[in-house]
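Okay, got some structures for you below.
You will see two complexes here that share chain A, one where it goes with chain B and one where it goes with chain C.
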Partner chain A sequence: MRLVTEAPTTEQPALVLDGRFDAFETEKFRAACDELLAHGANSLSVDLSDVIFIDSSGLAELVRAMKHCRQSGGELVIVSPSDPVRVIFELTRLDAAFTIQDASVQAS
Partner chain B sequence: MAVSTEVGRPGAAVDSLTSALIDANDRLLGLLALITDEAPGSLDNDVLITAIVDRAAPILKLDRVTVNGAADYEWGSDVDDAKGSWTSTHAIPEQGDVDITFKRRGSRFNTGDTKLLSAVAKLMSNAITTARMHRAAMDQAMMAKEHATAARITAAALPDPERIPQIDGLSCFANLVPARTTGGDLYAWREIDGKLWFALGDVSGKGLPAAVQMSTITSALDAGFRQHHTDGPEEVIAAVGRWVHHRLSESGMFVTLAVGSFDPHTRTLCIANSGHSPIVYRRNAKCRRIDATAPPVGVIEGIPTIETVIQVEQDDLLVLATDGFTEQDNLAGEMYGEDRFDDTIAHAVGSAPEVGTFLLNELAAHGIDCEQSDDRTLMVLHFS
Partner chain C sequence: MISSDLPAYRAWADTPLTERPKYSVVIPAYNESERILPTIGAIAVHMSSLGEPWELIVADDGSTDETVELLQGLGLANLKVLVAQQNGGKGSAVRRGMFAAEGDVLLFADADQSTPIEQFADLLSAIESGHDVAIGSRAAEGAEVTNKSLVRKIFSKGLNLLVRYGFGVPFADTQCGFKMFTAEAAEMLFTHQIVDQFSFDLEILYLAQNRFDLTVAEVPVEWIDAPGSTVDATKVAVEFLRDMAHIKWNDLRGRYASANHEWPKPASSTAALAS
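Coming up: the complex of A and B.
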């Protein structure tokens, strides 16, 4: 998985992921989230448009980060999940727990 | 080797030379014994070093030996007026350097002495290194043993595969294979007042951390079955959520969980689903999904599920699995997939054990020569 941090010094930095987001990649994601949240951000955008696979460990990391943001009065926004990711969110009803936006909506 | 001569007494010089040669030979024999002697059966640095020093000190007429740094050791009384003092530094892997110092009062160390001291110091640092490696290997073996014990304890939370509920008009099959020694997949079933109560779930993550949560959840399910068997499956899930939500949440984990009941008298099947997939109901070779109506337990507290109620007919089939089943790769990297899962169920025939075995064989054929990457669980209920 590739992970890029965008706008790290703003109030709502973004993490852009691509590839597989599974148990082998969670530490990298957690470290990036914790770094951003420790330096003043209370909201995060997580772009999953190029993620081709997500497993329960990846989902658990997103849930953990979402709770962290909400405890600080912020929000974690899932941006443009790819079809495989969107299907998983729907099957597990995690779409009811997360704020999910398309990139076009976010840009506006 | 020190040789003294007395002028005018050639016989004395020969005696002295002979004595020095014998002394040198004794030292070499002593060193040989030091190297070839069996090391004491201990992993304690002090014991190992003392065994070497006890041999080396008389040979080299030592009064003081100290080791400082990654290992600490002192032998002999402190020597302020030492004429001979010699120190060497040795790197102990993954531990750091040790300074090994030898002192004696009587005379300085000559070239021959320092060669022997160097050999003795090397023996001492090797002993420290070997002891460290042995200790690390023992720690690792102990950890593996503790892990295996924990795996056995958590696996005991799952039903005995030989004890299958006997319910009129129903055959049951379950199979759980963790990817490692243990994992977060779970299933449970229990007959209460002639009705079957069952559950299947998947704790996020893998290995022992997931297994520990799994064990808690199976206990909560058992309590939920007992306390809410006059209610519905949604009440069992709600109760499990109340009991385990905070524990899961604090660990950054969740569990996808499906709970169901079957009443053989009314032939009514009820299922509540918190975030679990896949659950397939087959009738007349057609499959339909029983979708989740709430997120997994541990994500957001208190979101209720909505029960799915089915009046079962003869040869209907309910199949529940975890994602380790549908996400099994083949050699080409292609997942088994939910469509293939549905197709296989549509064409399966026979009782629950026959269908379960057929589904497992189909999966094995797909994933032949491929590693199982995730915990995998399958439960089949066949209504006759």
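Coming up: the complex of A and C.
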């Protein structure tokens, strides 16, 4: 999985992921989240438009990050999940737990 | 904006098929409550995007966790959940799934999505070019294997040498959990299958090569090791060696001369494939 951090010094930096977000990748994601939250961000955007698969470890990591954001009064926003990822959110009922936005909404 | 694959998925999820499926995907599952939903999501979206009628079958293998309840609660119109009262082994779960499948082309895929469903097209090409069976291979030239430990690689290589030169099954990888069959080939192989455990794949390939003279294509696939495997490698290796001997012994005793299980479908369901 590739992970790129965008706008790291803003109030709501973005993490852009691509590939497969599974148990082998959670450490990298956690480190990136923790660094941003430690440097003042309380909200995160996580762009999953190019993630082709997310397993339960990846989902758990997103839940963890969401809790951290909310504890700081912020929010974790899932941006433009790919079709399989969107359906995985639905099947696991996590679509109700997360704020999910399309990139066009974010940009406006 | 709704992207292109979602409407096809929604239709598959909401509306029962009114025609015979072209493809059946069978997933054997034993205590997979942690992993099964993401796998179903990925498979359902990809398969629905192909534009052909298809069905998904999860063959539970006597799970003691919430696998069955989770699946039954999904309400997917074209998902069949086969419930087993007790654990019978992966081979028995796959066989039950194959027996329940109604498609022209049958795939079984492991529940951990370690071979991504996007590889379906590569195996289908082999079937459409005339092969009876297409097997995913992590060892064929062109395969991409990620996160497989060195110990496991050595282990697999050693077992494979035994299989090739001691057993006469000339494939670089017999155990990848991603195999495709025509319905006719599935009927031949799974009605004669005896091994219910992990090494049923080996028996299936042995039968394909030595009993039925079926054509088998070994197709290189992308494979990503999935953490949390429910397979105990040492136990599996011992069973594998034991089953190799059993399969040979079964053959010598003539136990593959006639079917060991009844194909629970009308003959017309496979006869149509010949046309």
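One rule holds for everything that comes next: the second predicted complex is superposed on the first by the 108 of 108 C-alpha atoms of A that agree within 3 Å, B and C clash if a C-alpha of one lies under 4 Å from a C-alpha of the other, contacts with A are read in each partner's own complex, and residues count from 1 in each chain.
Just so we're on the same page, a contact is a pair of C-beta atoms (placed from the backbone, for glycine too) under 8 Å apart; a residue touches a chain by one contact, two chains touch by 3 or more.
From a predicted model like this one, the values you see are computed outputs, not experimental measurements.
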Combined model on chain A where chain B meets chain C, clash or fit: clash
Chain B versus chain C as contact partner of A:C69, first or second or both or neither: neither
Contacts of A:I78 with chain B and chain C, given as first, second, both or neither: neither
Greater residue coverage of chain A in the superposed arrangement, chain B or chain C: C
Contacts of A:A23 with chain B and chain C, given as first, second, both or neither: both
Contacts of A:L36 with chain B and chain C, given as first, second, both or neither: neither
First, second, both or neither for A:A14, with chain B first and chain C second: neither
Touched partner set for A:A96, first chain B, second chain C, both or neither: first
Partner chain in contact with A:S57 - chain B first, chain C second, else both or neither: both
First, second, both or neither for A:L44, with chain B first and chain C second: neither
Set of chain A residues, in rising order, touched by both chain B and chain C: 23, 55-57, 59, 91-92
Contact set on chain B toward chain A in their complex: 184, 202-206, 249, 252-254, 256, 274-278, 291-296, 298-300, 303, 323, 327, 374
Of chain A, residues touching chain B in the complex: 23, 55-57, 59-61, 63-64, 67, 91-94, 96-97
Residue ranges of chain A touching chain C (in the complex, touch as defined): 20, 22-24, 52-57, 59, 82-88, 90-92, 102, 104
Contact set on chain C toward chain A in their complex: 1, 3, 5-6, 9, 34-35, 37-38, 40-42, 44-46, 49, 74, 113, 116, 118, 147, 224, 226-228
